[in-house]
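In the two complexes that follow, subunit A is the common piece, with subunit B as its partner first and subunit C second.
Entry: the complex of A and B
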């Protein structure tokens, strides 16, 4: 384990930014957000950014190719592949776990080369949560915020930042800034971890009943009459899906540039009336069915296809951001069976 | 207030005046409240809640609810009643299927304001009159209610319920608000400064459509932005101009009909001050056509859909100059 005095934090960030593009969470007008690091950019102490860190690997919009019309000739132009190495600093354990879940989707055959390319060029530095909030429930999904994943994990106390590499890419990153770091015993961050653990013990919604979401209950849950009640207030906006670190649905669209076509993909939302629209229309005709789809996907379909892993990391963004306070916790409590 | 509301709702259910109640349902936390329909006294007892965090404007739910069988009781705050009037004027609700109870309102709190004041890990919020005592995982904190008010409430335009079948408590009055101050600041900027301001704010848009879907003036059966035949339907901005286009088109579409209820800004996950676009239109309409408040009078003809010989000429924009 390595350590750094907190007063040298900006020196560390500046050193990381020397050879690669560095993104850090910082406080903006609308809340915490990841921004390109500039010398002196203050780190946000907010627990989580408004938008999740999935944007780095799966951006909201992404150009795939362009068709240029020259008379009767159509030329296909592929966009340049982003090959810039980058570092994301300050990712929380929940978002770090979301990358593993997204990997299962985008890196299984057929591999999504756009996502794969970004993953290959990104190094993730995680940060242990100091003050978990009432909306946090990552522990319900087996995530330990005191052992955040990523390529490098970090913890901090009042004086120091502690860093430990988890992967060769993380080790290489730390080697590059070794002149700023001092050696620390493996137990150096134990107090910081203990402090966070003590806070975790008091979180109100971490004990969630998840046993009922097994594949064997798929039809029973699908046909449960309570979906109508659970979804009644839903406005059909896409807030929950767009702030969610594990929502991964997208649409591919053609944009008429006037002299050709720009083919791009963009996040889609199962909350929208046009989601998965095909020749006969949207198979989910009402908001009840769209709402159900979102939670069936996260709590039943995804685990059934992925060795029981739920597609939720308990970051709490949907609890904080839904305009009418609907969220996955209410669905789990209603349909998850007896409390574990 | 909550007890009085439940008591009255039960009476109106019992005597058959209404067959269901539109209100707010208790959630995981004090501030975590959801609009809900209650059909029985038991349901009211189980989860009906009314507190400082019941900010959601319930009027839009009446578009669907008022078309169902029987009469629905709706609890409406003063600003919600302006929306109901406007929806009635636009024939978007069936007013006779609604039994509206107007509520007095001293402003609603915004939990984000409490969090901005440093309250992390909120486990409870106690009402202390002029203050909130916020219980958190990391100790208690006292925040003045005035500091926790939603922007629209800090700049409240009216505490008067403008349509109701009965009132719970005293009716309030139209307020002398400072709601146009920020608009004036924007008007006094140069075009470049103003462009930079909106560029900064709107660049955060994630096109979740929460503003549109919460807006009581946005009640089109099929929004042009959801219609794949329109050529401008999109689930994400194709370029940095597109999100501005979306918000500007929306502001134009609700101009003259927007009551300034502030739901657009309340629901924005990115805290974009969308209400400023609408207030600019309201301020312009006031200046060009005389003071007009959408929703204040259900029989009023909106200045943009009416014609009088006193109407300003289109050239007024040219004469006023646009910086």
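Entry: the complex of A and C
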């Protein structure tokens, strides 16, 4: 384990930014967001950014290819892939786990080369949560915020930042800034971890009844009459899907730039009425079906296809951002069975 | 294989356009240098696109035994299909695929008596299997085809049905239209009822495709006749964008129609949510 005095934090960030593009969470008018590192700008101490970190690998819009149309002829042009190495500093354990879940979608056969390319160029430095909030429930999904993962994990106390590499890419990153770091015993971050654990113990939603969401209950949960009541207030605004670190549905669209047709993909939302509308009609006619789809996917369908892994990391963004206070916790408590 | 290869399409050229019905045309597609853009198995689909207009999934209606070209029978019913219907031969299009599982022509269907039941444009995916089976006649038992449409003018592939299917020994074709029409002396009535009237023996494997409501009632009719759902196959259609199970749009429960389907055995549908 390595350590750094907190007063030298900006020196560390500046050194990381020397060879690669560095993104860090910083505070702005609307809250914390990941932004390009600017020397001297302090790291946000907010628990989490408004938007999740999925943008780095699955951006909200992404050019896929371009077409030139000449009379009846078409020419296809592949875009140049971004090849810039980058570091994302300060990712929380929940968002770090979300990358593993996105990997299951985009890196399973057939591999999504756009995602794969971005993933190969990014190094993730995680940060142990100092003050988890009441909307946090990552532990319900087996995530340990004191072991935040990524390529490098970091913890901090009042004086120092502690860093440990988890992967060869993380080790290489630390080697590059070794002149700023000093050796620390493996137990150096134990106090910081203990503080976080103590804070977690006082939070309201650390256990959720998830046992009932097995594939064997798929039809029973799907047909449960309570979906109508649970979804009644839903506006279909899609905010939950946009702030969610694991939502990955996308649309593919064409845009006439005047110099050719740009085909791009962009985030889409199962909460939208047009999402499944097709030539023969729409299988999800009302918001009840759309709401049900979102939670069935995270709690039943995704686990059924991915060895039981739920597609939720308990980051709490949907609890904070939903304009009508709907969220996955209410759904889990209603439908997840007895055991908590 | 990577999505790099599958989301980025290949080019094809439309070499022939046949008018089937007032709102269905069949498009012949070749690779730019001739031949097919790719091989497929009956029941698989392909994403066709005119850049700037749209991209959508269509079933490949030609049989893989056709070595020269692929065909798509497409009903005019939206942005892209309107455009396809007004284009002329020589137009290039983009094409990617093949997608989906296809029909089990070399396993579960082998040696079986086959009963094809189609409604309207629902014949398009079945034509691929029918012509595949006809080309490999020794591998299969009897062939019955029940096909119905709104009117005589709405029967897709009518010339091929009359000239080839009806003329072939061991292939029994049963046509029906929804309402009486001048110049039609064949059966009149809806497909599900006609299937019950014909009263097929249960020693067959049935393959249904048509509008969702027709599939539902036909399946019920077959079950009434004593068919087990494990003997009945159908092929589904839902909105799709990627074709590889990642855009999150075509799922029925935990199954993605684009990769786990579009062909399902009807007993499998019972285990899936009723949301299609």
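One rule holds for everything that comes next: the second predicted complex is superposed on the first by the 333 of 340 C-alpha atoms of A that agree within 3 Å, B and C clash if a C-alpha of one lies under 4 Å from a C-alpha of the other, contacts with A are read in each partner's own complex, and residues count from 1 in each chain.
Quick note on the criterion: a residue touches a chain if its C-beta (ideal position, glycine included) is under 8 Å from a C-beta of that chain, and two chains touch if they have at least 3 such contacts.
Since this is a predicted model, take the numbers as computed values, not measurements.
**Student:** Specify the outcome, clash or fit, for subunit B and subunit C once both structures are aligned onto subunit A.
**Tutor:** Fit: subunit B and subunit C sit side by side once superposed on subunit A.
**Student:** So in the superposed three-chain picture, is A:334 touching just subunit B, just subunit C, both, or none of them (first/second/both/neither)?
**Tutor:** After superposition on chain A, A:334 lies in contact with neither partner.
**Student:** For A:277 in the superposed arrangement: first (subunit B), second (subunit C), both or neither?
**Tutor:** In the superposed model, A:277 contacts both subunit B and subunit C.
**Student:** Considering only touches as defined above, state whether A:205 meets subunit B (first), subunit C (second), both or neither.
**Tutor:** first
**Student:** Give one of first, second, both or neither to describe whether A:297 is in contact with subunit B, with subunit C, with both, or with none.
**Tutor:** The answer is second: A:297 touches subunit C but not subunit B.
**Student:** For A:251, is the partner it touches subunit B (first), subunit C (second), both, or none of the two (neither)?
**Tutor:** both
**Student:** Report, please, how wide the angle is at the C-alpha centre of subunit A between subunit B and subunit C, in steps of 10 degrees.
**Tutor:** 90
**Student:** Which partner does A:6 contact after superposing on A: first (subunit B), second (subunit C), both, neither?
**Tutor:** Neither: A:6 stays clear of subunit B and subunit C.
**Student:** Touching A:76, do we find subunit B (first), subunit C (second), both, or neither?
**Tutor:** A:76 sits against subunit C, while subunit B stays out of touch.
**Student:** Would you sort A:47 into first (subunit B), second (subunit C), both or neither based on which partner it touches?
**Tutor:** After superposing on A, A:47 lies in contact with subunit B but is clear of subunit C.
**Student:** For the overlay built on chain A, what is the smallest gap between any CA atom of subunit B and any CA atom of subunit C, in Å?
**Tutor:** 7
**Student:** Share the list of subunit A residues that count as touching for subunit B in one structure and for subunit C in the other.
**Tutor:** Residues 251, 256, 268, 277, which sit in both footprints.
**Student:** Which part of subunit A faces subunit B closely enough to touch in the complex?
**Tutor:** Touching subunit B: residues 28-31, 33, 47, 50-51, 60-61, 131-134, 199, 202-205, 232-233, 235-239, 241-243, 251, 253, 255-256, 262, 264, 266-269, 272-274, 277, 319, 321, 323-326, 329-330 of subunit A.
**Student:** Using the touch definition from the top, list the residues of subunit A that touch subunit C in their complex.
**Tutor:** 64-65, 67, 69, 72-74, 76, 78, 105-106, 109-114, 116, 215, 218-219, 222-223, 248-252, 254, 256, 261, 263, 268, 270, 275-281, 283-284, 289, 293, 296-297, 300-301, 304-305
**Student:** Taking the complex as given, what residues does subunit C use to touch subunit A?
**Tutor:** So the residues of subunit C touching subunit A come out as 1-9, 11, 51-55, 75, 77-78, 81, 88, 90-94, 211-212, 237-239, 241-242, 244, 246-254, 271, 273, 275-276.
**Student:** Subunit A touches which residues of subunit B in the complex?
**Tutor:** Its residues touching subunit A are 27-29, 32-37, 56, 61, 120-123, 136-138, 200-201, 204, 206-210, 212-214, 222, 226, 228, 231, 233-238, 263, 266-267, 269-272.
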